[in-house]
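One structure, as structure tokens, below. Some questions next.
Read from first to last, the chains carry the letters A, B, C, D, E and F; within each, the first residue is number 1.
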Amino acid sequence: MAGKTDFGPPFYKDLLPPVILKNYGQWKYHERVKPGVLKHVAESGDELYTIRVGSGRLVSTDWIRDVCGIADQFCGGHLRFTSRHNLEFLVSDKNQVEPLIAHLNKEGYAVGGTGHAISNPVHTQGWIHCHTPATDASGIVKAVMDDLYEYFADSKLPAYCRISLACCLNMCGAVHCSDIAILGIHRKPPHVNHDTVRAKCEIPNVIAACPTGAIRPDPKEKSLTVNEDKCMYCGNCYTMCPGMPLADPIGDGVSIWVGGKISSARTPPKFSRLVIPFLPNNPPRWPEVTSAVRNIVEIWATHAHKHERMGEWIDRIGWERFFDLTGIPFTVQLIDDFTLASETFRSTPTFKW
Amino acid sequence: MAGKTDFGPPFYKDLLPPVILKNYGQWKYHERVKPGVLKHVAESGDELYTIRVGSGRLVSTDWIRDVCGIADQFCGGHLRFTSRHNLEFLVSDKNQVEPLIAHLNKEGYAVGGTGHAISNPVHTQGWIHCHTPATDASGIVKAVMDDLYEYFADSKLPAYCRISLACCLNMCGAVHCSDIAILGIHRKPPHVNHDTVRAKCEIPNVIAACPTGAIRPDPKEKSLTVNEDKCMYCGNCYTMCPGMPLADPIGDGVSIWVGGKISSARTPPKFSRLVIPFLPNNPPRWPEVTSAVRNIVEIWATHAHKHERMGEWIDRIGWERFFDLTGIPFTVQLIDDFTLASETFRSTPTFKW
Amino acid sequence: MAKDSKTPLLDQLEEGPWPSFVTEIKRAAEKKDSAKDLLHQLERSYMDRIGHWKHGGIVGVKGYGGGVIGRYSDLPEEFPAVAEFHTLRVNMPSGWFYTTEKLRELCDVWDKHGSGLTNMHGATGDIILLGAPTNALQPCFDDLAEIGFDLGGSGSDMRTPSCCVGPGRCEYACIDTLDLLHSVTMEFQDELHRPMFPYKSKIKISGCPNDCVASVARSDFSVIGTWRDSIRVDSGEVTNYANEGMDIQAEVVDLCPTGCMKWDAGAKKLSIDDGECNRCMHCINLMPKALRPGKEKGATILVGGKAPIVRGALLSWVIVPFMKMEPPYTEFKELVRKIWEWWDENGKMRERLGELINRLGMRAFLKAVDLPPVPQMIRAPRANPYYFWDPEEVK
Amino acid sequence: MAKDSKTPLLDQLEEGPWPSFVTEIKRAAEKKDSAKDLLHQLERSYMDRIGHWKHGGIVGVKGYGGGVIGRYSDLPEEFPAVAEFHTLRVNMPSGWFYTTEKLRELCDVWDKHGSGLTNMHGATGDIILLGAPTNALQPCFDDLAEIGFDLGGSGSDMRTPSCCVGPGRCEYACIDTLDLLHSVTMEFQDELHRPMFPYKSKIKISGCPNDCVASVARSDFSVIGTWRDSIRVDSGEVTNYANEGMDIQAEVVDLCPTGCMKWDAGAKKLSIDDGECNRCMHCINLMPKALRPGKEKGATILVGGKAPIVRGALLSWVIVPFMKMEPPYTEFKELVRKIWEWWDENGKMRERLGELINRLGMRAFLKAVDLPPVPQMIRAPRANPYYFWDPEEVK
Amino acid sequence: MPVLNLDGIQVDVDEDGFIQDPATWNEDLAVAIAKLEDVTNLTEDHWKVIKYLRNYFQQFGIAPMIRKLCKETGYDLKTIYEMFPSGPAKGACKIAGLPKPTGCV
Amino acid sequence: MPVLNLDGIQVDVDEDGFIQDPATWNEDLAVAIAKLEDVTNLTEDHWKVIKYLRNYFQQFGIAPMIRKLCKETGYDLKTIYEMFPSGPAKGACKIAGLPKPTGCV
């Protein structure tokens, strides 16, 4: 084989349903018909119904064939996935909408995730495939979404609530701007295996990889030492060097972050902020995590104004009030001490008791 | 003389007027009677009138004796100065208020500075007494206040407008949180005089003093070299070492900063931000500076809501609109590139054209 | 040898309303030993509370430097079918649109070479084919090529760019996200497949400031559609929303961040001072039938977004407030090249674009890529007096 | 030899309504050669656009390490009377209150030893006696001591603390600023007069969040009065303000940052949800007759404020949300000592307290000085995942 | 630990075929590894790249960045891929006996 | 440049009386400068401080911080002021022939 390369992905136009090809760029407005169902209307008057279905993201080829079967049956063999890994059936024939939904319900698919719902948590590999995780990804997501399912299936929250999960500080899930982020963290410094470091690691790169400068050369061992006082277990050295593992059944667990957002609607994008520095890994259902998340969702849902995202609500009431209402204890880890720390300190005597 | 030491300042209670001694801590409310005149009423019903008078701050003993004379005549020999270096006559006899004001007017004193006025600019030594200035202090303040005098004498602005001046980056005037700050700046790197450095300077301290790490040892000369590309002329090295002067008639001048505040009223304290990176030193009246300041004051006064400080106004309309309205050109120096720079960049497509 | 022992912990994740990945692994495990071993190794992780994969791995296909993530079990004796368990990142089509035909072809290839497990999709947007041994990689890629699926990025290259559904289905789209994405992907095939940069580089494209691909948070180049003129208002439809019970004052006007809207409740008349509007989308989002973005459309370009490694997470920063976006998108592509050139020349190993800009200063960046400073780039001017002058200016 | 040449540039600053420092220098110059030479050297600076003072100078009085700023002309031949022109920093009384008697004594001393020029006051708050030769310093200080004026701080010591007028005249004062200032100044005489720290350290005290001595921006220790209970409301007076034309909705309620006020325009009734009030002072400032701070008073302690040298300007940060402030202020003084101790032990040369906290982390600071973390200390929790654990906690 | 049996030479390698003990590298070994990476014939051009990589690594302890490699050897990236079909990291570095590069991955 | 005439020794000093050329310092000079700083008799205690200052300066190129000075010499600040009435910077450092300290000013 000559090795065909650089031909690129399939051309999208070849994959669009006819109604989209016809009305491409000519959409006029949309309506949220009901949870899980969007209706887009084109200038031409054509309508496109989207039925959104939750997906575990980690799916078998069998599952793909299953949903292809459904798409063939109800929507001319067309479907798409969303940026949050949901599946969308694209229906141009209004009459197929209800039968499709009935079929999906019957088969146990999760219809929902539109509007003011909790949509599919963006997440990552965890123990399924990665070498740096501090927790699993799919397992927690499953547990959390089982628990919060009502908020996926219905659209009854004050605003969007985006939950994301990343299994280590690399944050592949880009959790750092989520309404609620679940982030795997280590809490023990790496163990340096000098033999491995010596044989396998580009020492200067490892040193440069440490955000806090905790790593120094160890000339005696021709290896490295870690100043454990300066190490905050980011795992970046391990990414660069197999000789510095830091995963640990007791050290590892999960942290919870809240108040981030991406859209610029009303307020600019925001980072999520740490509110629970550690919860233990308690597979298979991580009960501490699910109940912490539910607590936050419900306190927010109870207190926020309409259209007020988590972070917007907190900005209005203040973080001191957030801790009050949620009953989450305030610990020293929540106080920043990295590069931009001073920006997060309070430079005014105005706050709430 | 045995050398009496550590006896401390005069005891304040010995210096308070009787009405204050009597009503100490028992003040009930105040009124702004008219520009320059405050009336404080105590729980006891006693009244205290304050007549505020602008001061050049750099005053002769003759001037002090003059105002003492006035205080003897109208207020039982009691006066005070404010945190912005104004003089205050403390009158407990209401009948003395108008005669005092008449007298002050006749003698050419500047009555005003209360309420929504431009009060006395906090300022510094400049060419009068300091070794690191990039401009004079008293001269610019005099020129600016002559020009803006109407705003001192009257109280007609939307809110407080605090102007401050510091003659170098040390910012003795603590200008960094002023509605309008006038700051002397250098624009040329220090000239290293190796002989002086060698003989007089603590070389490691000089190196450590440079915020950008621009200074390196020069082992050949047993002195220092400056990486001019990294130098932003802060003068900190000169503070530490006479061998590194950087004052220069062409390099030196003035920059303008706006939008800072101190009080926590409504909004927390804010830093002032750079809007004009350089105006030349043009003594004795610095016309470029006075007109730049007046322009900013007047555009703000025209557009701000009632009680809206400079920074609050700008936060509402956006910096892009500020530059628009004032006609001040936006230059690359205004974009931060120091430690917390990224906090000032715009991470949203929402802005005004 | 795959095992048949029980998986009591994972089994508990087959219950509950949310779709179960465990069920999916089990389905694949019926056909594939690797999926079976994956299940059991995962059960072991659930018991041990620790992952069981070794560090790193460099494997790939001929002619490419990226696109495959190498992975080896640290319990190869126990789980030999996942001793080598590499994933292929397959470049998805624009907007994740598929025909069932295309998907089935993909499944066939993957069933032939790999574990039968996938991620639809990875966090970057690729189709992730989850787990194949080293010797299957090249044949698998060859078969993928046959059905028109190329690999995506990994390593220090341009990563697979992605975009929102845009004009495919969304009335807010101010740019043709799908087309731009395809064009950019094709333009930069070399950069996508052959790592040459200091670190990874990501491009994401959203049709409007709602930013449905989260470009601002997770791409070095964020392209976000916007408009320069006025919001198009259909007053009749505004009235309809009001009549249908929307509290326009409270839900729309009071939440407008610039305070540029007025609602006359009596006359049911909405007015917008468009000069003061910052195009945040809130009002349009609430009343899509009544309000629409303007007609003079283009994109705002932001750069520097990324996750926390090494120096902290960054959101992208505006560097071009408005750029027309029409095929063949030459201005945009040239800008990207210019920026890569500067980054490649100056970046340290593992230094993302945003970090380099932070290190060398926005000033140096703007000068190098020849962009004029404008106030739209900043939230606020500097508060510190530590700024520089070109010696030429000081005369 | 003082000169009699003209000063055409400075003369222009004798015109205009604002008080003229040039006139003041001229008045002093009538009696003092040093004032005359100062005038002429300054005229030279106006011509040359550059200062004419040499670098630094260490001079002082016996037993003290600070309090005098040494200064030498760089044109001593031309302006011999300012060849040595040092300033004394004289510790002002609390709140800058004076009797004319006391001021006249001061003038007499200064006319005897120095230039007859002063700053009333310096930016830190001292009385600045502006210009005396080296040999006059000790006699001048001795005479000052005679009339009860001590020197203030300079160098790496506690600088002269200052405070707002507070209970002397202001109804907002939640703490006795004048008394606290005096007490602190007396307590720390040694620290004030004998530099021993890594760098300067400033204390400023304001009676309420209006912060009329700008403590938050320019002191290492900012003490700001506040209250824990509810704003005291006199409804009758609220009504009066409304009747006198204040638009209470627009001017007060709409500007309340926490949105915790309601105004019933019909009933002319103001209600405050005090639990949500953050005590910003705005409403009280606007209606001092009607609204007053609560009765359970104390102070918020903030630390770290400073100008930009070396690592950038800082505003002070809350470290104690509420502290009772009653004589002899033991809790406060002990906290200050504890903090100085930590700073002195850990600070590098010329590293202010705020910079040290930034370098070692708020966590280390709080632990060292034994303060519990509370959300009032922060604007927001951290956004980066780089945090530490005590190995004890990880078990 | 896997062992590579190359024309009679026995070397410990990791799963990806990178040699474990840098000291065991020699030119023969390079020739042997090259074959596994689809480089049947190590030309002068190949050696130039390999030597550059080894020197750089010996001096700095890391593999050079790709841009540097291209600049210093004078081969553009296309040529490098023609010479080493599995690319600079998986191909050239492996043949040159460097530790598995993390920087360019 | 001012010249100090000390018991017959001539040295260049700056306006504050700090010697200009560190090389000119010697113990006699120290005794002479001391007198100008109200230290009529340099006791062993004085010399201990002076030597500590000189050693520190020679090693680090700077004057020590006061805390360090006190700690290492064992004299508290009060004692230092008793020994050197014009204080550690203006007094002790000057006598020890150090450059005019900026750090502690």
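In the analysis below, contacts are C-beta pairs under 8 Å (C-beta built on N, C-alpha and C of every residue); 3 or more make two chains touch, one makes a residue touch a chain.
Source: prediction; values computed, not measured.
S.K.: According to the touch definition, list the chains common to the neighbour sets of chain B and chain D.
M.R.: Intersection of chain B and chain D contact lists gives A, C, F.
S.K.: Between B-C and C-E, name the chain pair that shares the greater number of C-beta pairs in contact.
M.R.: The comparison resolves to B-C.
S.K.: Measuring between mean CA coordinates, which chain is farthest from chain D?
M.R.: Using the mean of the C-alpha atoms as each chain's centre, the farthest one from chain D is E.
S.K.: What's the call on chain A versus chain B, same or different interface residues, using the half cut on shared numbers?
M.R.: Result for this pair: same.
S.K.: Find the chain most remote from chain C, comparing centres computed as mean CA coordinates.
M.R.: F
S.K.: Taking each chain's centre as the mean position of its Cα atoms, how many Å separate chain C from chain F?
M.R.: From the centre of chain C to the centre of chain F is 66 Å.
S.K.: So how far apart, in whole Å, are chain C and chain D when each is placed at the average of its C-alpha atoms?
M.R.: 51
S.K.: How many angstrom between the C-alpha centroids of chain C and chain A?
M.R.: Computed value for the inter-centroid distance: 12 Å.
S.K.: Residues of chain B touching 2+ other chains?
M.R.: 3, 169, 171, 176, 205, 211, 234, 239, 264, 269, 271, 338-340, 342-343, 346-350
S.K.: By residue number and range, which residues of chain F touch two or more other chains?
M.R.: Residues 18, 62, 85, 100-103 of chain F touch two or more partner chains.
S.K.: Taking each residue of chain C in turn, which ones touch at least two of the other chains?
M.R.: Expected reply: 54, 56, 62-64, 190, 209, 216, 257, 280, 308, 312-313, 315, 349-350, 383-386.
S.K.: What are the touching chain pairs in this one?
M.R.: The list of touching pairs comes to A-B, A-C, A-D, A-E, B-C, B-D, B-F, C-D, C-E, D-F.
S.K.: Which of the residues in chain B end up touching chain F in this complex?
M.R.: 3, 199-205, 239-241
S.K.: Show me the residue ranges of chain C that touch chain E in the complex, using the header's touch definition.
M.R.: It comes out as residues 54, 56-60, 62-65, 70, 72, 84, 154-156, 190, 194-198, 344-345, 349-350.
S.K.: Provide the residue numbers of chain C that touch chain D in the complex, in ascending order.
M.R.: Residues in contact with chain D: 308, 312-313, 383-386.
S.K.: How about chain E: which of its residues touch chain A in the complex?
M.R.: Interface residues on chain E, with respect to chain A: 14, 18, 20-22, 57, 60-63, 85, 99-103.
S.K.: Where on chain C is chain A touching in the complex?
M.R.: Spelled out, the residues of chain C in touch with chain A are 9-10, 12-13, 15-22, 24-25, 27-28, 35, 38, 42, 45-46, 48-56, 62-64, 69, 71, 85, 87, 91-104, 106-107, 110-111, 116-121, 123, 125, 130-131, 142, 145, 148-150, 162, 164-165, 167-171, 173, 176, 178-179, 181-182, 185-186, 189-190, 193, 209-214, 216-218, 250-251, 255-257, 280-282, 285-286, 288-289, 292, 307-313, 315, 348-350.
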